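Chain lettering (A, B, C and D) follows the sequence in which the chains are written, and residue indices restart at 1 in each chain.
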């Protein structure tokens, strides 16, 4: 189904730009999804800054992180992060690696990020800390070797995200929208946690609250609302990915935004198999 | 008076977008007003991100937070916050629930927000702290049950705002403009309080200063000036709510801004019954 | 010379908008200049948010802060700040009162702002602290009575600025450009001082360095460069004051910016009587 | 080769605007490159705010910081910083002096900036601290005398950057792109280091990690990617330098961006003599 895959490529480009627009990604960082019909492959951009990625930049990789078609363009050196996690976590459908300013102080001080507000529960009760030095000694801190990727995946374990010493974070999701929400809310959580610490004692959510709130956060009506919101903000900033050339009718902002939302909905159904409830339950 | 109510709907949409533009609301949070002629009802948007709310999104609810007309759209789950406060506080004409980044550190550290500058007195001398856990144990931290809403309203008591543990704040006003001012100035106050604490000892206003300054802050000439300012900033950001289709002459920015101000003035007179003094007393 | 005064009115409007654009002023705060040919009067806007002030808003006041012409519009309540300082300090040609976020933590913690970098020397070696409570007890913290204005002017003494408890700051200059530079650099100084304190011990400039650096900062080639820079930023943000209706040829951005600079230059020569040195000495 | 030099002039203007757009430069600060074919000269703008510099503003200077052609415009007073470093460090091809807000707290507290994340390794293991007071006593803190420039160059030694007490920083690079990357990443590093300190103990990179990561950061595929990213951001902000009048076809944003990138590539090959590797190694 070639048309369907082009929708997925568009969604991955959109998620990259959305996370760049929200300050999670900058010149670096990348977002992938597992191939929607072949769980042994994933979709990731060629090496580009997230803010400029287009659907056509999204390539297919095996879970060994080898490109399915011999590339004519540069590839991300750290793509083993994606491949090794998709190998270790069959239920993970989307992965993001980033160096967001909000998490860096935690990656440097080695202080755990803990859930401090209801949306921050999206990150889960525990965000493990992976110290590349423990196993690999002095490196340039990039995760480029398969054994580094596997070690990182082991540290991630069953969790939603993992911090990487002096480097950044890697976040996973059961679909692209959960991934984007979790990445953004984890950054907000980190900022609030740091400031709360400056004020006094940090009160974290209980295990029960974290479980209940994170269940809520993953409901389609919540992730759909935030997806619409972040798409709108991206569109206002003039940052939506270009549509395919044939769809020239979608060139005006309003039309492009409508197209982005429509595509989002379509893609979501395919990826997560869910169906959004739309009445009386959203926040 | 159907035309008058459409003005009120426009004002609620405007307040939502204004507070989003000033960083109080984001994908979440909501603003309501009590129905201008039926104190047993309130006006609140369907479930949408505040930045995109339009006049047509504003629906009527009874004080039990039931929609007056059976809805065909999603509703906010937390609307009991509004209904329960309108029940408990007859003089309250407007309510805002938000998760502003400025207040979150206080909601997490459990540190009281106290008035530290003259405009911050808008929040009042005491902002009580409601810990949902005390009465309801582990929840997802949303306020969705009537008994949760009533408990929150009890904690609010006669005050202008209440902090909610690991969640956000709820603010009330005697009219929409006081609500918006109080919400924004309380956020500024929180930011200054945190930074002052990093510098040294925080000097708070005395009870007398708080009373005198908050009286001043509620004067129409002050709330009118800030309302014009925040409307202007929203307009510059391209964020004013769309006018009704018939008013097509109001499509240019200047005309739209004029319309927004005019409506604001009209609405204010109706809501607060006041009359702005315009000479020699504004700051 | 009616034409000349309209240039001055334009400059005051421009300075208000510039300081709003740089985050010193918001919905509140105001900038005045002493009347260029009558030292017994000053020029100040009617009560408006600084970002929207136009040349036509600028009115004349006596040093008792009475309007020269009976006003048909609202006036700032705190204009005695300006009048009392012009009375006490004959060499002061421009005054700004503001609540900039950068200085508020110092006004609340009662910690002195001290010069910590070469441009911060613009604020002078000492910024005194005026506590309104000492002399007037509980007030709404506004400075509205002549005796309050005189008390503030006494606290200012011979210095370039004064902090006001839980309220803000008042800054003076020997001309409008010095005032604007001093206001902005004092805010930057305050931000750096707070962050330096979080890092370790704050090293201040010596008295000699402060004197030498502040002399440098007041040179026309420095204040002209920053004036051009802040004008450019204001223009980029679409915030220049409108030109008089007759000058319709100046409607395009480039032309408007040129006009703003030209006017600035003209005005400067008149106000300060100086002549900019343009060769080999700017930084 | 006159045409080639005009390309270099354009690159210097572009770098100035890029660093202004990323918050490293403001009304002050300057970027130079060594003359591409005459190592006894360097190229630096006339005295202007970096955000408005154009190719035609870039002038030639000898390493004694004397203009090659008698100037008709104002020059930067601190140009000895550039000349003295080019004299002392033959391999240095580009120099930036700035007062970025991110580094100022370190210049004031006298706390060393140390590499705390992989990209921050661009600053090198050691950033020395130069205290102008030690050798020159009370000054206005500007570096204007040749002996001050030489003292600063001695303090810089073989390192990539030097902090200047209560003033700012000076950064060097083996080409313009390395300089820009190092300047920006050093600022990010400083911000993360300050926040990590507020959280707990700051873990720095080891000497080995710093060496490995800084080698990586200087690879053309990394500096090209960031250069494209920062150019894109500058273009979005409407800040690209104007093209020469003859190239009127390059007036649309897309064309201008293409021109900026093309020029960048051309220039890079000339300056660094390198050739970008484009396949399979970028991050």
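A few remarks follow.
As a working rule, a residue touches a chain if its C-beta (ideal position, glycine included) is under 8 Å from a C-beta of that chain, and two chains touch if they have at least 3 such contacts.
Remember, predicted model here, so these are calculated numbers, not experimental data.
Least step count on the touch graph, subunit A to subunit C: 2. Because subunit B and subunit C carry the same sequence, their contact can be compared by residue number, and under half of the numbers here are used by both.
Chain centres here are means of the Cα atoms, and by that rule the chain farthest away from subunit D is B. Subunit A and subunit D have Cα centroids separated by 33 Å. Centres computed as Cα averages put subunit B at a distance of 46 Å from subunit D.
Contact with two or more other chains is made by residues 197-198 of subunit B.
All chain pairs that touch, listed by label, are A-B, A-D, B-C, C-D.
By the touch criterion given at the top, residues 26-28, 47-49, 51-52, 71, 73-78, 99, 101, 104-111, 133, 137-142, 165-168, 194, 197-198, 238 of subunit A touch subunit D in their complex.
Across the interface of their complex, subunit B is touched by residues 116-119, 188, 191-193, 195-203, 205-206, 208-209, 212-213, 215-216, 221, 225-226, 228-230, 232-233, 236, 278-283 of subunit A.
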